[in-house]
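Structures for review follow.
Shared chain: subunit A. Partners: subunit B in the first complex, subunit C in the second.
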Partner chain A sequence: MTHQEVFQKVVGVLKPYVKNEAALSNVSEATNILDDLKVNSARLVDVVLEFEDLFEIQIADADADKVDTVGDAVSLIEAKLS
Partner chain B sequence: MTRRVVVTGLGVVAPNANSVSGFAQALREGRSGLRFIPKLQELEFGCRVAGVPQDVDAIAARYFDADELLAMNSNHRYGCIAALDAWTDAGFARPERSDPHVYWEAGAVLGTGVGGLDTAGERLVPYTDSGRVRRLGSTIVEQIMNSGVTARLSGLLALGNQVTSNSSACSTGTEAILEGAQRIRMGLAERMLCGGSEGSSHYVWAGFDAMRVLCRNFNDAPERASRPMSASAGGFIPGSGAGVLHLESLQSAQARCARIYAEVLGGAVNCGGHRGGGSMTAPNPDGVQRCIRAALHDSGLVPADIDAINGHLTATGADPKEVGAWARALECTPERLPPITSTKSMIGHCLGAAGGVECVASILMLDGGFVHPSINCEDVHPEIAPYAASIPHEVRAMPQLRTIIKAGFGFGDVNACVAFRKWSTTDH
Partner chain C sequence: MHVGDDVVDLADPETRAGAQHPRFDERVFSRPERAWICAQLKPHAARWTLWAAKESAFKLARKLDPGAIFSPVQLCVHGPQTQTPWVSVAGRRAAVHVERIGSCVHALVSLPELDAVSPLTLATFEPGTSDNPSHAVRRFALGALGAHLGCDAGVLRIVRKGRIPQLYVGASGPVADLSLAHHGRFVSFACALSGPYGTRLIRSVGVSSEHGSLERLRDRDATHDRGAASLSACAALACP
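Right, the complex of A and B next:
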């Protein structure tokens, strides 16, 4: 799976949770999931479960807690896939 | 401080209609919303008929965003759709999420009888019992907590006054309306969204089926299955949905030149204490009569002022007792009982939503000058026969209809009764 494919899938998982549609249209790896996309912080556990299902990986709570940006999520998932 | 309270908006999601205008038409036609439910047959329920609002998902997709829908079970969808409709019917726009304004003067009392058992049955219990707690995600608590519907609603509408969910079994919705009206009367709020909601789930209905209080004899004729006041009544049909009134101080409504449907004259709640024939499941007849009399007193009414009765009338053995209680509380001989009707004959018993949905029906009858038919009681119960002339089998035009009284009774021997009067410009 290419870097760009992982990025696109991460954005796809986040999409239903995003409260700031404008930020989603300009999304980049630097985009902050809570501050920019305005995802409710409580929903991050659902996002992580969907990453696990989609990429067939396990994400420990401690790793999940380090994810702030879309790029952080992509890097974490790529590390698990490699 | 006692202020007058009026109804300036309505919202309803019912088994026979999902809009206020559609519901008014269905009531006039005596249209049943009850259907055969294959799932209940598969699970070998005795009763295989229920009232389930139709095509709600399409409305929900318009009203809510994807994130909200992930955490909204059927109870949440019905309750929030009806409340949003009541809000907009009252002339208010839905606020933008980015608008920081909070309506500190507006709140909600929206109750539920049983609540989010679909979420509990389909997710909470199986995931927890199989050691997959982590897989439950973040959306369970807000869907099973008793205040889940109003918790969601307060965010959708930026409500800043009291936001709570009451629960008193099948009197929940009527009680909620009285709670909200009281808050406005006291000057603690200007506007309150009040009523009840109940989800559609076999998990909600199973316990009632096991008690043998649901009708089992009309599974092949769903539209005839809910038979309040009939000799062939064999239990109630479970329903679901939501009904919400937008209550407002008269002062606020007049200041903004709002359309006023009716005035909430007053009401009462009480409990029979499980004495004198009352129990967990049966009302103490003295408690019922006291509640009705207290509602009249609180409303400044005498029995002769009552033009119509929208009863609790579920299609169980309690119906004859209820009709007798109305006659005694209103101090009238059988032939003088005002027209009495059961909305449940068309939509089943919507449990915690019943009071909300049936109060919407009561307001619509005042608004339209009619009493809706109480269907499926062509064979009036022998004990109700002396009152038979008071039961409309077809829609009854009543242009003079001015005051209607509505009651709801619930498990735990709890009672709630409210009186509404049609608004006319001479009431200023």
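Right, the complex of A and C next:
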């Protein structure tokens, strides 16, 4: 899976939980999931669980806690897939 | 004194039963917590009451240890059926204070433990030009705290260091530990004042006047509990 494919899948998972549609339309790897996209902490749990299902990986709370941006999520998933 | 608070709108679509991932409860709650949720008449309300307690505890934990990791299953709420629920934060026992007003669940956790917690107040605030809830909760907190401190809200500032908000008055340094939260129609804050302002804790939930539902929300159920009520009592209220 290419970096861009992981990025697109990550954005796809986030999309239903995003409160700030304008930020989503300009999403980049630097986009902050909580502050920019306004995904709340409870929905972030759902997002992590969906990442686990979609990419068939396991994400510990300690790893999830380090994810601030979309790029952080992409990097974490790529590390788990490698 | 340090505080953490959280608010949940039980009427918000994202908290409705079935809106969570099928493994949400397993990921977030310990086995005893899941058993407690299932045993409640209203598991939906019970789930989010526990969540609010955990989120409050984490906000407090991060103030005491900036390296604290958000692992909700580790922030186990003990004794949710008792009048003295508590959670372990930084190795210390911290009381969980929950209140429910209609669809609004508010949780508060503090260290050191408080002798008494004032009842939660609910107020309306005027919607601003921005629909950003982060802006709304700051505006609400500044207005309410200005009234409490007897000063113009304009001299108060909320400064966030990392993700931790602090209250400043004029040019002085931080005067109070602060916690801010928002969800659905509600915003909330808890503020631990000390020094020249006396040692006291102020907390309040706000709802934008555009929702126009304050009177209905104030029509509290007869079984409403105040202070360190059991989470069971909060979860069992009739509405919604």
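To be clear about the criterion, the second predicted complex is superposed on the first by the 82 of 82 C-alpha atoms of A that agree within 3 Å, B and C clash if a C-alpha of one lies under 4 Å from a C-alpha of the other, contacts with A are read in each partner's own complex, and residues count from 1 in each chain.
One rule holds in what follows: a residue touches a chain if its C-beta (ideal position, glycine included) is under 8 Å from a C-beta of that chain, and two chains touch if they have at least 3 such contacts.
As the structure is a prediction and not an experimental result, all values here were calculated from the model.
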Touching A:Lys15 in the superposition: subunit B (first), subunit C (second), both, neither?
first
Is A:Asp65 contacted by the first partner subunit B, the second partner subunit C, both or neither?
second
Check whether A:Ile57 is in contact with subunit B, with subunit C, with both or with neither, and answer first, second, both or neither.
neither
Residues of subunit A at both interfaces, subunit B in one complex, subunit C in the other:
40, 42-43, 45-46, 49
Show me the residue ranges of subunit A that touch subunit C in the complex, using the header's touch definition.
38, 40-43, 45-46, 48-50, 61-62, 64-65
Show which residues of subunit C lie in contact with subunit A when the two form their complex.
14-15, 20-21, 23-24, 27-28, 51, 55, 69-74, 133, 183
Sites on subunit A touched by subunit B in the complex
15-19, 39-40, 42-46, 49
Contact set on subunit B toward subunit A in their complex:
65-67, 70, 97, 134-135, 137-139
